[in-house]
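Note that the chains take the letters A, B, C and D in the order they are written out, and that residue 1 is the start of every chain.
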Amino acid sequence: MTSTLEYSSFELMAVAGARELKDGEIVAVGLGLPVVACFLAKRTHAPNISIILELGVVDPEPIEIGSGLSDPRFWYRAKALTSFVDMLGMVLHKGLVDVGFLGGLEVDAYGNLNTTQLGDPKGKIRRFTGSGGGNDIASSARRTIVIIRHEARKLKEAVSFITSPGYLRGSGDREKAGLVGGPSVVITDKAVFDFDEESRRMRVRSIHPDTSIEDVLANMAFIPIVPDEIQQTEAPSAEEIHLIHEVIDPEGMYR
Amino acid sequence: MTSTLEYSSFELMAVAGARELKDGEIVAVGLGLPVVACFLAKRTHAPNISIILELGVVDPEPIEIGSGLSDPRFWYRAKALTSFVDMLGMVLHKGLVDVGFLGGLEVDAYGNLNTTQLGDPKGKIRRFTGSGGGNDIASSARRTIVIIRHEARKLKEAVSFITSPGYLRGSGDREKAGLVGGPSVVITDKAVFDFDEESRRMRVRSIHPDTSIEDVLANMAFIPIVPDEIQQTEAPSAEEIHLIHEVIDPEGMYR
Amino acid sequence: MTKVTPLADAVASVLPGSHVALSGFATARCPMAFAHEVIRQGIKGLTVSQCVAGIDADILVGAGAVDKVINGGGSRGRSGQHSCIVRAYEEGKLDSEESSSLSMVFRYLAGALGLPFIPIRSLQGSDILKRLEQISPPVVSRLNDPFSGEEWLVLKPLIPDVAVVQVPYADSEGNAWILGPLWDNEEQAKSSKRVIVITERLVSTDEIRRDPSRTVIPGFRVSHVVHLPFSAHPTSVYDLYDFDVKHIQLYAKESKTTDGFSTYLDEYVYGVDDHWGYLDLVGGMEHLNTLIADPVLGY
Amino acid sequence: MTKVTPLADAVASVLPGSHVALSGFATARCPMAFAHEVIRQGIKGLTVSQCVAGIDADILVGAGAVDKVINGGGSRGRSGQHSCIVRAYEEGKLDSEESSSLSMVFRYLAGALGLPFIPIRSLQGSDILKRLEQISPPVVSRLNDPFSGEEWLVLKPLIPDVAVVQVPYADSEGNAWILGPLWDNEEQAKSSKRVIVITERLVSTDEIRRDPSRTVIPGFRVSHVVHLPFSAHPTSVYDLYDFDVKHIQLYAKESKTTDGFSTYLDEYVYGVDDHWGYLDLVGGMEHLNTLIADPVLGY
């Protein structure tokens, strides 16, 4: 007897994100999928994670997930309500944030992120959100997890604007700039990547079920390091899917 | 018909201190007589004074005057309860404190104050309170008011340790050190002094009733500037004495 | 000493060309009634600053009141980009000094503390820094840490002429409480040369003295207190009312185009005499009542 | 995850020779039960720091547990000098790094924010600065402000190994509220590598979540939570109990001489098994009841 477990690529990515978190870590999150990943980790293997939101919220227990950092739904039952200076200064800049989640318009082969601007084919600059706390998290968190859709226009050899630094142009560059940490993984809807310890270039760590390495590479604008043996990303469990659907995001805000 | 108004030298000094304050000013106070002076000013000509205590108290309305900054009696009915960073950083160091009250073991001809240590005749060093917020107030308040007993051992040509800088060695020295403000008056139990605009040396401004200039000078270890015509310090009014006795310090903690 | 004034008087105290810090964050605690009155009075040439852009900045930019925006970026969250700001950037009509949330709050903090400069680890290696380094006079520089010898970036303090802070509770002297997270509001207000408090509820000083640990802004920094309920609408004020999803969707839709935005302004800003007219227009008490916060949830 | 431990275990985690920040200010919120247990366990060689010295530091210095004091000065206010600290200084038995209240809190603040240095206007022209300039490795230096060209003093961050913070309310994770003024306690705790919370009342995390704006120390910074009532006696804890004037007078009198202090220690520290024994000795519930704060006055 077999049963098929239905899940979306969103849910697979959220589960992959959750599994990157260790119990007891301090995690900086913003909007969307990372929030689902964090609350999932907290309800499974990592109950003692501390979640911080840059505007001044520690460890909320929302009963509705809310539409972003500024939505009071996301602040409900916090353990502390403070400020940017406290969260980004006294926790992040002091070096206490273990993991920061980042997303963006584009990420490149060295994990640099662009959330600021894109040039369109006519040469016109299109402006976007900018940094917010993104650059700060990318500069001072012990490690960052990048979540991005798997499309060639988003996975570039070099981003057109570095909003949040990854390993810059590779090996040793980040340290030279006086930065700590760096991206540990990039999670897309087709694969999970990490970074080569020497060159700091992006490397395939695992590909998701129902995908091929050809499909993964065909939808990227650069060639990552591909190991000889390619792992498969572990599929979500029934419990994880249940928690996302019924407890964390029952209204489907983020699916 | 005449009536004699009884008052102590403490009360005269407190009244003289109160009269130095203008309505609407931000005043940093600590312990003792300056507290009485401030509350007296607030109940007479300067109702809109803002009083700040370095440990994080704004505009308290104590019903018992308390034994010092750390006594919760002194925090009662504050308008804000904050911290050192807020009071000494965001108010004082930012340059918003109009007046700071200071006291000490010794003050010298240029308004420098010692609250740290004295040598005794045997060459032994005797230690005292140190700075607390005193040095900070002396460095950043727009002006300071020094309150000290009129004794030759307390009024010196040069203090043995500069805890809180006045005009250092005179003319231009304070500005060269990067400091703003400076002492405006020194109030003793015999006289009120100010400082010559050029040399920055202490100058007799007024002597108290029932004192002579000879008595004032005989009890100082340096010779201040003495103007040709010597004013008399205005005596306390009946209302001022009444307020000190009945409202501000009914238990006589500071008399 | 009461500082309570009509909104129009507080707004009239803001000089054209001055630097105004705004208390909003995306769709929370934006001084919208203030922004509307700035537009109605035709005040121009402003520099506006805040850590993360809110609808307060967007509507002011859209109305042409702003020459320069200083922030760390920002959007409305899931309801999209600040279209007026994005459009003004793309059309080259707006000067920008964009950094990051921490850079912004460190600059306000330095201003609040009277520091001449403040070191930061952020921005290194980024194109944000390259852009900031082109600004003259400089807002960023480098110093060697005298204790370790390492080179650090240092930022210049940011000292607004006036901070406009939307709060739930304040007294007539301007002693103000903010409930919920504070984001940059304390450092912003304490760095600014003066503060205009826009309060939902005007309370007695006795009420302030009852719980002085909540006082984020002391009265001695405040020049004007404006008492207007729902003055952050359509954004939220924690503990009092929720953001108005439908009106924000309307604003989002209209502000996508210059014409749409112009229609919005004509109707909701120029088309009303004052804040009371605006509140009637958006649905009056019957609609506003649906936004009132549950006292436990805070929204 | 509960961090509640007996006092003895929390104290045993403090390594001899480590730098301990103390939360007391003169006669307010001094972690006295903690200090007594340090003395009973014979932990030596400590560096203790705080903005303004409290009886907590004085008793530790008197008992010979401290090699170095870092503060901005301090006394008990009208009840006089900290005799043990003064005596140790005068006898050359104590290393001192004395500055000023703002210098101290700027050093903690720099540590809390992860700044490599922090500029300050204080100390210039004073003999305090001359003494600090003789310390090696340096704790003070000078830099030119790159924006104005002016020379400024800069201070080195102060990062204690552990902050011991006496609070009225905390939960088992260490989320802690402080009522009343905070003096240096927030920056002290947030600069330190870890925090030991000594709480008068142990409350549920639900209670903390009910009013999270009051949380001064979040649990993730805390290694131990010790739940002991009257553990600041004879000093005060705002909102819960007043300082014990008579016991402070006794301490003041005894601590004036080495012999007197020794008698005090023998009776009140070595002469009891633990904090409960101490509370009985100072008068038990009947006496302590007289100190309990009026809920409106807070003392």
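Note that contacts are C-beta pairs under 8 Å (C-beta built on N, C-alpha and C of every residue); 3 or more make two chains touch, one makes a residue touch a chain.
This structure is a prediction, so every number in the text was calculated from the model and none was measured.
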| item | value |
| --- | --- |
| Shared chain contacts [chain B and chain D, defined touch] | C |
| Separation of mean Cα positions, chain D and chain C [Å, integer] | 38 |
| Chain centre separation (chain A, chain B; CA means) in Å | 58 |
| Residues within chain A bordering two or more other chains | 78, 81-82, 85, 89, 93, 140 |
| Interface hub residues of chain C, defined as touching at least two other chains | 114-115, 121, 150, 152, 180, 213 |
| Touch relationships between chains, expressed as pairs | A-C, A-D, B-C, B-D, C-D |
| Residue ranges of chain D in contact with chain B within the complex | 25-28, 51-52, 54, 71-79, 81, 86, 89-90, 98-106, 109, 120-128, 150-152, 180-187, 236, 238, 242-243, 293, 297-299 |
| Residue ranges of chain D in contact with chain A within the complex | 1, 111-115, 173, 175, 190, 205, 208-209, 212-213, 215, 218-220 |
| Of all residues in chain A, those that touch chain C in their complex | 31-32, 53-57, 67-73, 75-76, 78, 81-85, 88-89, 92-93, 115-116, 124-136, 139-140, 161-165, 168, 173-174, 177-180, 253 |
| Complex contacts: residues of chain B adjacent to chain C | 24, 26, 47-48, 50, 58-59, 61, 77-82, 85-86, 89-90, 93-96, 140 |
| Complex contacts: residues of chain C adjacent to chain D | 114-119, 121, 137-138, 141-143, 145-148, 150, 152, 154, 156, 179-180, 213-214 |
